[in-house]
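Across the two complexes that follow, chain A remains constant while its partner is chain B and subsequently chain C.
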Partner chain A sequence: MVWYTVKRLIQGIITVWFIATATFWAMHQVPGDPFIGEKAVSPEVEANLKARWGLDKPAYEQYAIFLVNMARGDFGISFTQESRSVNEIIQERFPVSAILGILAIVFAGLGGVLYGALTALYRNQWPDVIIILLVIIGISVPSFVFASVGQLVLVTINQILGFTLLPVAGWGDVAHMLVPALVLGLGTMAFLTRLMRSSMLEIVSADFIRTARSKGVPAAQVFSRHQLRNAVLPVITVLGPSVASITTGGFVVENIFGIPGLGQSFVLAVQQSDYGVIMGTTVFYGAFLVLMVIIVDLLYAWIDPRVRLE
Partner chain B sequence: MAEVSNEAVSNVIPGSGKQLLRYGLYAVVGFLVMLFALGQVAKCTGTRSSSIGAVDAATGTITLNLTQEPPQLDSTKATDQVSGMILGHVMEGLLRYDANDNLVAGVAETWSLTETDATFTLKQGLQWSNGAPITAHDFVFSWRKAVDPMTASQYAFILYFIENAREITSGEKPVESLGVTAVDDYTLQVRLIEPTPFFLSLTAFPTYFPINQAFYESTEGKYGANAEDLVYNGPFTIAQWVHNANVRLEKNQYYWNKDAVHLNVIDYAYILSDANAIINLFESGDIAQAGLNVELVDRALRNRWDIRQHVDGSVFFIEVNHREERLTSNYNLRKALQYVNDPSELVNKVIKLPGNLPGASIFPVWLQGVDGKFREEFPPTPLVTNHDKAREHYAMALEELGLDQITLVMLSGDNPSANKQSEYYQNKYAKVLGLELKLDRQIFKQRLQKMTDGDFDLVLAGWGPDYNDALTFGDLFTSWNENNRGRFNNPEVDRQVDIAKNSSDPQTRMEAFAKVQELLNEDVAILNNYERGSLYVLHPQVKGVARRSVGPDPDFAFAYIEDEGT
Partner chain C sequence: MALLEVNDLHVEFTTYGGIVHAVRGVDFAVDEGETLAIVGESGCGKSVTMQSIMGLIPMPPGRITKGTALLQGHDIIQNKIIDGRDIRGNFVGMIFQDPMSSLNPTMTIGAQIAEPLEVHRGYSHRDAMKRAVELLDLVQIPEAAKRSRQYPFEFSGGMLQRSMIAMAIACEPLVLIADEPSTALDVTIQAQILDLVESIQRETGMAIVLITHDLGVVARLADTVTVMYAGEVMEAGSVDDVFYRSAHPYTLGLKEAMPTNQTGRTRQLKPIDGTPPDLFAPPEGCAYAARCPHAMEVCLDHNPDPFAIHDEHRTKCWLHHEDCDVEAEGLFQAA
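For the complex of A and B:
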């Protein structure tokens, strides 16, 4: 187990290095640099800028400097927010994305398991039909539509009530995060519902259920210990990667609800060719994703003893 | 997804519904506990919950949004519109714009301007927000900082009217040689390299704002990064700046003209760029102002909001690539495109947002001329749309180039508005001329890079003014201007701009610019598109907001809140 963990971690580091390298070279291939703006920069100023940021050095030298600094965990200074370091920006903004992401995952996980179980119990009856219809909508409609509609609904509700039930945008307390988190988690929730449903239905006819029931185990215990527990396994498998994608992929939701998260600054950095922030956030996200996958693999082994970590 | 098909086996274990319900309840309780915990953590992320509503007359507070986070607020380095707008509220130059766009005294009390010199006498007893006196040395310090090659300011060029500024930026001369001297604490003398009749308006520009040297040095390189890394001399101070979340301005008690400032707080409580989200905040009464796009006009009408119009000063056009290796260097081809061009159709049928004006010249309608507006004194010869003539010129171009068919590349931004416009031109050129237009859509920086590299035939481009003088547009297509990305080169245009630059007589200058205006249209340097206007809605109780084409916009510095019901 320990050896397996170490092996996976080494693999993870190589993956992150690969991501960093690919991003570094791709970024420098894209036309434009951090200094190009609507007003052309005079050659003198451009030379001064490049010299100050070390962009006058050959690319391989820049790459070497970058690698050394990355190994030390230093991503330098943001090109657009000149007086602030990339680490400072990530430290400030990642917690916001993480809080939103955790809440979205909880929405998705709880909702997915409960609805999935519900639809399986009432298969082909009206709760099943209604939920599956909603699931199809949840899977096929992109999150920016849900975000816009959600916000519009908030405006309307607040107007009808005459006071602010939930704020339309902004960040700061629980009231600000409910709707954005729900919107962010909706797609995953829908997906998990379907997964849970088919998994429940598959397991209910399994031999061990029949055995358990025939030897007289109380029904409630069969349901919770045998059916639910086994059915939830595939959900956990999927949950791992989706933790990463939800926590990092909140760009659209963050943009519409004015939430100062990391997803937003990542996309903005790409648009502004902010080399420092692009590299910092990519490596950070890459490492985060790799770590999540490793954790899920370990978790899976813990839940399901049939999985051997070899 | 193998579902059980054997109906003989029941797929429901009896009693499991109740069990599920119990789990559901556990989940809800657990969820609420977690919600509470997350709320506590969120409070530690440094941001704060939103505010008290769009306007609050009792406390003199207005709540607004910013479309982006100001990258930093060091006035010598600021380049973007949001930073310029905030700096305009919290800092003040020698002169400033009042609510009616007139230049009025700022830090300076009196001034005189000749062809070679400008002298400013500063008001005495003025203080920075930390109590330090404001002196002429603060200007000398910041202007030197702005041209210092170590600063590498992208706006250094705006000081190039001052002696040695350009040489200092290129590292040929020391910063101390800049033509600005503090004769004493309250007298500032500036030596100009050429007649600059609009120099006074430059002193209202952010790059010309003063910086307190002692304070600057105490921040150890972080000047402008945070609210506490700035010291203010304008109507407001930044009381709170939570990065990417909000900026809160409070009235500056040290401001010399504080009696004219009515608001106590301008709270930029949201940083949001999504137009729909912004209008949602406006509708729910959270912010006092919001912009409208085409899709939102109907909603504003339905809500019976008072829609206002604003000309932001920018001119949009198709920039043509005049480099020799490009087909567009052919005069007849350009002429053909010009005869197809129909700015009114573009504005009314494609862009469709009221407030935009069809383009007719590189010089926009609001520019100051000799006595009145430049465009009224020197109206450009109208360009007519004529498809027959377009085809004639196109035929000539084909013959001259020895081609049967021409394909051009149009570079444009990648946003709904730019896409609509480029598709309109694609369709139009194909229909009228049989010319194939390939569209090259790029995001902002990539488009600019391709423009700079000359990697286009036509590009949807625009230009915004830096100061209220025809020169800010007039020298754009001179052979020496780095912003002339199509490398248009007409010696007569260069000559006329030289005439204008070497004279301080308004008549001579404006006549020269009028010739530039004609030459650019005759030689088809560009194809005119539109002058941008915008629509916005404002809270009915908010008055005295200055919207302008040049300078900080929108300017709430001297705005006030009217009592309800009056």
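For the complex of A and C:
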């Protein structure tokens, strides 16, 4: 298990290096220059930036400086917000995105496992049919549509009630988080529901479930010890990619609900050609997702001995 | 009264294609220390019979429409609980055909063997695990302590089946049901598994119901035999009666279709022509009539009741009716 962890971490570092490299060269190919045009920064800042990033040196030297800085955990500085480092921006804004994302994952995971188990239990009966219909909608409709519809519904509800049940936008307390998190997790929840359903149906008729029953194991214990643990395996494998889709979904949802998360600042950076923030945030997101996938893999290995001992 | 006695068991499955009449009036009995073999070609309802007794068939689509299974006089079809205890894994143990898929892939072998002890005997997890190691030792798995902490995928097929046996006998059951326990294994391993089951029986005196389609195994292990066809019992009796005084054309057919390894004897294998009847709409008459070389008119329209040949030897065949004077070749007929 230790060796497996080390191996996965090394693979992860290589992946992040690839992401950093691709981002760096891609940004170099983007037309435009932050130092010319109407939004140009002041000469002092420009000098400062050039010194720090070696912007007057050849590209491969800049690349080397960039990599060394990244390796030290320095994600660069903003080209548009004077004297702010990307690290500061991440520190300020990532916790907001993380709370939103975690809440969305919890909604998606719990909902997926619960509804999946439910549909399997009521296979081909009306709860199954209804949930599967919703699942199809959940999978095929993009999150910005849900976000807009969610806001619209909230506005209507608040109007009818005559007071603010849940705020329509902004950030602050739990009341602000619920609807955006639900909207953000909806697609993943639908996907997990479908996965859990087929997984449960497969396991219910598995030979080892029959064996457990032949031992006289009580139904509740058959369900928890034998069925659930095995049925949840495929759901765990896709949690990694799910984190990715929820993270990227966050870009849109944060903007629509006016949530001051990292996704919102990333979108803003792209609009303002803030190269520093774009590169820093991209690499940070890359590293974060890679770490998530590794954690999910380790979790999987912990539950499934066949992976653990490979 | 026998230890386990099954009477007139009927089981159906509702499917999209209609109702499958999988088991249609099966009777058998087995006593302490005795081995009953149930034979018949695949699809004749052997597994469904034993699984309905154990409450293992999925309902729906399955349904037990009629019949009783008396374990020491208690009907276990109606109620799996005797004196507040589930009979399964406790009074009746079961092992299955495919050991590879019959064990939980995410639980250690030891924990799976320990489980019935915790459920039925109130063992603590620690004690049950200790006992599991002893049981693994009993079924001749080397390095039992280490092995008990391993997972099914680390075991070979033969070792998995040994572990299944350890699990099934953990609570010292009165009856062990073995559904083709060696069919999925290598020939050399098959014999070892059957030897193991036999030696455990000698020690514990449990009854065994052995499902197989290998007549060689039957001859070696069984005391009594029940021959099934299309969900019915065609012939039943002691091994000697059924083998050497076969009274049903289907039993004869099975024997002729089986290779012998007796030296100096060579003969052509003779498969039984045709296929078993459609269980969606079983025939009015005898289910075997369409394939039977001796079929008479009465066989097509009327299903016979079992005729007693002598003692416990019974067969379901019109050739044994007192008014029938047909002499079928090779068939044993009471005087």
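Assume the second predicted complex is superposed on the first by the 280 of 310 C-alpha atoms of A that agree within 3 Å, B and C clash if a C-alpha of one lies under 4 Å from a C-alpha of the other, contacts with A are read in each partner's own complex, and residues count from 1 in each chain.
Just so we're on the same page, a residue touches a chain if its C-beta (ideal position, glycine included) is under 8 Å from a C-beta of that chain, and two chains touch if they have at least 3 such contacts.
This is a predicted model, so every value here is computed, not measured.
**Student:** I'd like to know which partner A:Arg213 touches here: chain B for first, chain C for second, both or neither.
**Tutor:** A:Arg213 contacts both chain B and chain C.
**Student:** So in the superposed three-chain picture, is A:Ser42 touching just chain B, just chain C, both, or none of them (first/second/both/neither)?
**Tutor:** Once the two structures are laid over each other on A, A:Ser42 reaches chain B alone.
**Student:** Considering only touches as defined above, state whether A:Asp304 meets chain B (first), chain C (second), both or neither.
**Tutor:** second
**Student:** Applying the document's definition of touch, where does A:Ser205 land relative to chain B and chain C: first, second, both, or neither?
**Tutor:** both
**Student:** In the overlay, answer first, second, both or neither for which of chain B and chain C A:Arg225 touches.
**Tutor:** It touches chain C, and chain B stays clear.
**Student:** Thinking of the overlay built on chain A, is A:Leu289 touched by chain B (first), by chain C (second), by both, or by neither?
**Tutor:** Neither chain B nor chain C is touched by A:Leu289.
**Student:** Which partner, chain B or chain C, is in contact with more residues of chain A?
**Tutor:** Counted on chain A, the partner with more touching residues turns out to be B.
**Student:** First (chain B), second (chain C), both or neither: which does A:Val253 touch?
**Tutor:** neither
**Student:** Now for A:Val183: first (chain B), second (chain C), both, or neither, which partner does it touch?
**Tutor:** neither
**Student:** Going by the contact rule set out at the top, does A:Val235 touch chain B (first), chain C (second), both, or neither?
**Tutor:** Touch status of A:Val235: no partner.
**Student:** Please identify the positions on chain A that touch both chain B and chain C, taking each partner from its own complex.
**Tutor:** Common to the two interfaces on chain A: residues 205, 210, 213, 218.
**Student:** Mind listing the chain A positions that touch chain B in their complex?
**Tutor:** Within the complex, chain A touches chain B at residues 30-33, 35-45, 48-49, 52, 80-84, 89, 92-93, 95-96, 99, 102-103, 106, 110, 114, 117-118, 120-121, 123, 148, 151-152, 154-155, 158-159, 164, 167-177, 194, 198, 201-202, 204-205, 209-210, 213, 218-220, 222-224, 227-228, 255-258, 260, 264-265, 268, 271-273.
**Student:** Which of the residues in chain A come into contact with chain C in the complex?
**Tutor:** Listed in rising order, the residues are 205-208, 210-218, 221, 225-226, 229-230, 233, 303-306, 309.
**Student:** Looking at the complex, which residues from chain B come into contact with chain A?
**Tutor:** 1-4, 6, 9-20, 23-24, 27, 31, 34-36, 38-39, 41-50, 65, 68-69, 71-72, 74, 77, 79, 149-150, 152-157, 166, 169-171, 221-225, 229, 242-245, 269-274, 276-277, 280-281, 283-284, 286, 442-446, 448-450, 452-453, 464, 481-483, 485
**Student:** Please output the residues of chain C touching chain A within their complex, sorted ascending.
**Tutor:** Per the touch definition, chain C meets chain A at residues 51, 54-56, 58, 80, 85-90, 93-94, 96, 98, 101-108, 115-116, 119-120, 151, 153-154, 164, 167-168.
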